[in-house]
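Have a look at this one before I ask anything.
Chains here go by letter, A, B, C and D, matching the order in which they are written, and residues are numbered from 1 within each.
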Amino acid sequence: MTALLVRDLKLAVRAGGGAMIGVLFFMTVVAVIPFGVGPDLNLLARIGPAILWIGALLAALLGLDRLFQAEREDGSLDLILMQETPLVLTVLVKCLAHWIATGLPLVIASPLLALFMNMDAPAMAATMLTLLVGTPAITFIGAAGAAVAVALPRGGLLVSILVLPLAIPVLIFGVSAVYAAVQEPAPFLPPFLFLTALTLVFAVIGPVAAAAALRASTD
Amino acid sequence: MNHATYVAAAYAAAFLTVAALILWVWLDGRARRRELAALEAAGIRRRSAGEAR
Amino acid sequence: MSEQSLAIRKFSDLANPTRFLALSAIVWPWMAAATALFFAIGLYLCFSTVGDYQQGETVRIMYIHVPAAWLSMMCYSVMALSALGTLVWRHPLADVSAKMAAPIGACFTFIALITGSLWGKPMWGTWWVWDARLTSVFVLFLMYLGLIALNRAVDDPTRAARVSAILILVGFVNIPIIKFSVDWWNTLHQPASVIRLDGPTIDPEFLRPLVVMAIAFTLLFFTLHILAMRNEILRRRVATLRRLAARAAGHGAAAREETLR
Amino acid sequence: MRLVAERLSARRGEDLIFRDISFDIGAGEALVVKGPNGSGKSTLLRVVAGLLPRETGKVRLVGEGDHAFETVASACHYLGHRNAMKRELTVEENLRFWKDFAGDSAGDSGIGIDAAADAVGLGGIVHLPFGYLSAGQQRRMAMAKLLVAWRPVWILDEPTAALDAAAETMFAGLVKAHLSRGGLAIAATHQPLGLGAVKELHMAGFAEASAEAWA
């Protein structure tokens, strides 16, 4: 299993890998927002957490379509399906590698972008923490979408369409946890714990569904 | 925080970035030279290597 | 040998990476030494001059911020020139130059952004304002990163060079448009409370270290650029040799099989 | 150990590709599946490998050591039309991944990566990225993948389609060595593989549109 993790990470950082593209997309999307809403620092500080979360959600979805498609195109998927190793476990490890390569950089880049959004330190920390806990959920549920769309031409856009509605709960609890951390009366823990629970649930549902979809998609 | 801290931070950040850049160039060059040496040790040379001079 | 092929030969001699390697090997130690010298003088001047009465100590940040910002633009111009070289003259060294300038330019732009932010915090009370000038530099930074990503995404270097050359030139034409529109956007929105970057005219007291530092940074850029280009040439040579090795291995094996039979 | 298939049939979409295919091969035996294009050779192999659902019938392993395998698929190597190697990684990284990820099945163990590359006649270039190799070399390195992890059953779909005569002989040698170690092989091919005496299975190429449902 470590072999798979190492291979996927290597592929992500080698030429043509998607490790950097996600962060770049994230930065660009967030950077474009002020041009739309105007450079009012107070307004930006207020909407900052939401913008960061939406940007991270879109960036995390980007590149998910290649998760299984690349394996299918060169025939590796056939061999992966044949192994004794449970497919669910294989999918889980692939998700993990994908998250380390694309999700973790988003988390690391988020404080920098929070500066651009004029967010203060607590909001920045809360955003980073919720992204750290929440982005794996997007990857896990996205894996299910990627597996469903694996055999389709132009699966990339389809994955986003399929997964975005499923990721709405993650967005809701992630953003509300950040706002709860910043605005006094609302408690931070309940939405944050919901977010954690969502990630754990998706860590089970996503790989199981993806494994089933992959088995069904062979031809 | 007083202003000197910001000045120090700015110089430190600039220094670190430049140091990283120099380190990258140096390590990259070393890795390439090693690869070239390894290939040459394996008996693979440029066809033009003999006639070039 | 016909006249035409002789002419082609001469031209390709200029484009010869081997010649570039030999020449740059002689030049770069001198350039590195000059860079170190200018940095020594520049840094001494930076800290020996008195602070500005209005900005205080923070004016010293300007001594690295302004040269870095200047380089971030000059580097893009170098890339645009190289892109022209790639598209018009098909000069292989131009590919190499454009490709290796991008990470260096991104680093200098990053320095400009960071130091600007560190200057802004004590002066404006915030790390970042969507000021026209800052925003333009940030957009430039994103363009650098995009170009690096593009170069990494295409595995055939010559094809990558053509594509990114086109993008560089489009960007070069587009930069004034971006600058103009950002200015427009900024005057449309700019809250009056934010202090503009334009200070009083620069005192010669501050000008001296600034100029020395600018020269030092420029020398640093060219030194690093030359060294990075050397690395890239070696990288391509390694790739060529590996292809050669792959081909040779096949033939060798086939020949061996033949003799076995 | 024997690999037994009983009255297999499979369909693709609505069409029944083949029906009532049975075979039985033992250790050290090879089965060559022959037939015209579209007769369902590839489909049969993918059904045996567990990559396609079968309509009817059964595939199973019989004999000593068969408890070691959860599924028939986990006892098989499958060499399909695609090489299952990553262009960006070096040959060694590719082979090492498959060696570690697949692991050895019960009964025997795979050979080292350099030895496998030598066996396919491409020793000494494992440090090159896979994408640098020519099509024939890539195919041969994909064959080396069969050697680095032990599987008793080799399922080979047109293994030598892109190879020259020398490489074909080399591959026949590999298969023979595998059979002599007590392995089994099923190959779909147009060309003679040069394996000597083997069982043959002729697919008739019958195409019967689905009778029920939409007819």
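Going forward, a contact is a pair of C-beta atoms (placed from the backbone, for glycine too) under 8 Å apart; a residue touches a chain by one contact, two chains touch by 3 or more.
As the structure is a prediction and not an experimental result, all values here were calculated from the model.
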| item | value |
| --- | --- |
| Chain whose average C-alpha position is farthest from chain A's own | D |
| Pair with more cross-chain C-beta pairs in contact, given A-C and B-C | B-C |
| Middle chain, criterion being Cα centroid separation | A |
| Chain centre separation (chain A, chain C; CA means) in Å | 32 |
| Intercentroid distance (Cα basis), chain C paired with chain B, Å | 15 |
| Interchain centroid distance [CA atoms averaged], chain C/chain D, Å | 51 |
| Overlap residues in chain A, where contacts from two or more other chains coincide | 15-17 |
| Residue list for chain B, restricted to those that touch at least two other chains | 42 |
| Numbers and ranges of chain D residues touching at least 2 other chains | 87-88, 124 |
| Complete list of chain pairs which touch one another | A-C, A-D, B-C, C-D |
| Parts of chain D lying in touch with chain C, wherever the complex brings them together | 87-88, 121-122, 124-125, 128-129, 131-134, 136-137, 164, 166-167, 169-170 |
| Residues of chain B that touch chain C when the two form their complex | 1-4, 6-7, 9-11, 13-14, 17-18, 20-22, 24-26, 28-29, 32-33, 35-36, 39, 42, 44-47, 52 |
| Chain D partner contacts - residues on chain C that touch it in the complex | 155, 239, 242-243, 245-247, 249-250, 253-254, 256-258, 261 |
| Of all residues in chain C, those that touch chain A in their complex | 117, 126-131, 135, 138-139, 142, 145-146, 148-149, 152-155, 182, 185-186, 188-191 |
| Residues of chain C that touch chain B when the two form their complex | 18, 56-58, 60-61, 64-65, 68, 103-104, 107, 110-111, 114-115, 118-119, 121-122, 220, 224, 227-228, 230-231, 234-235, 237-238, 240-242, 244-245, 248 |
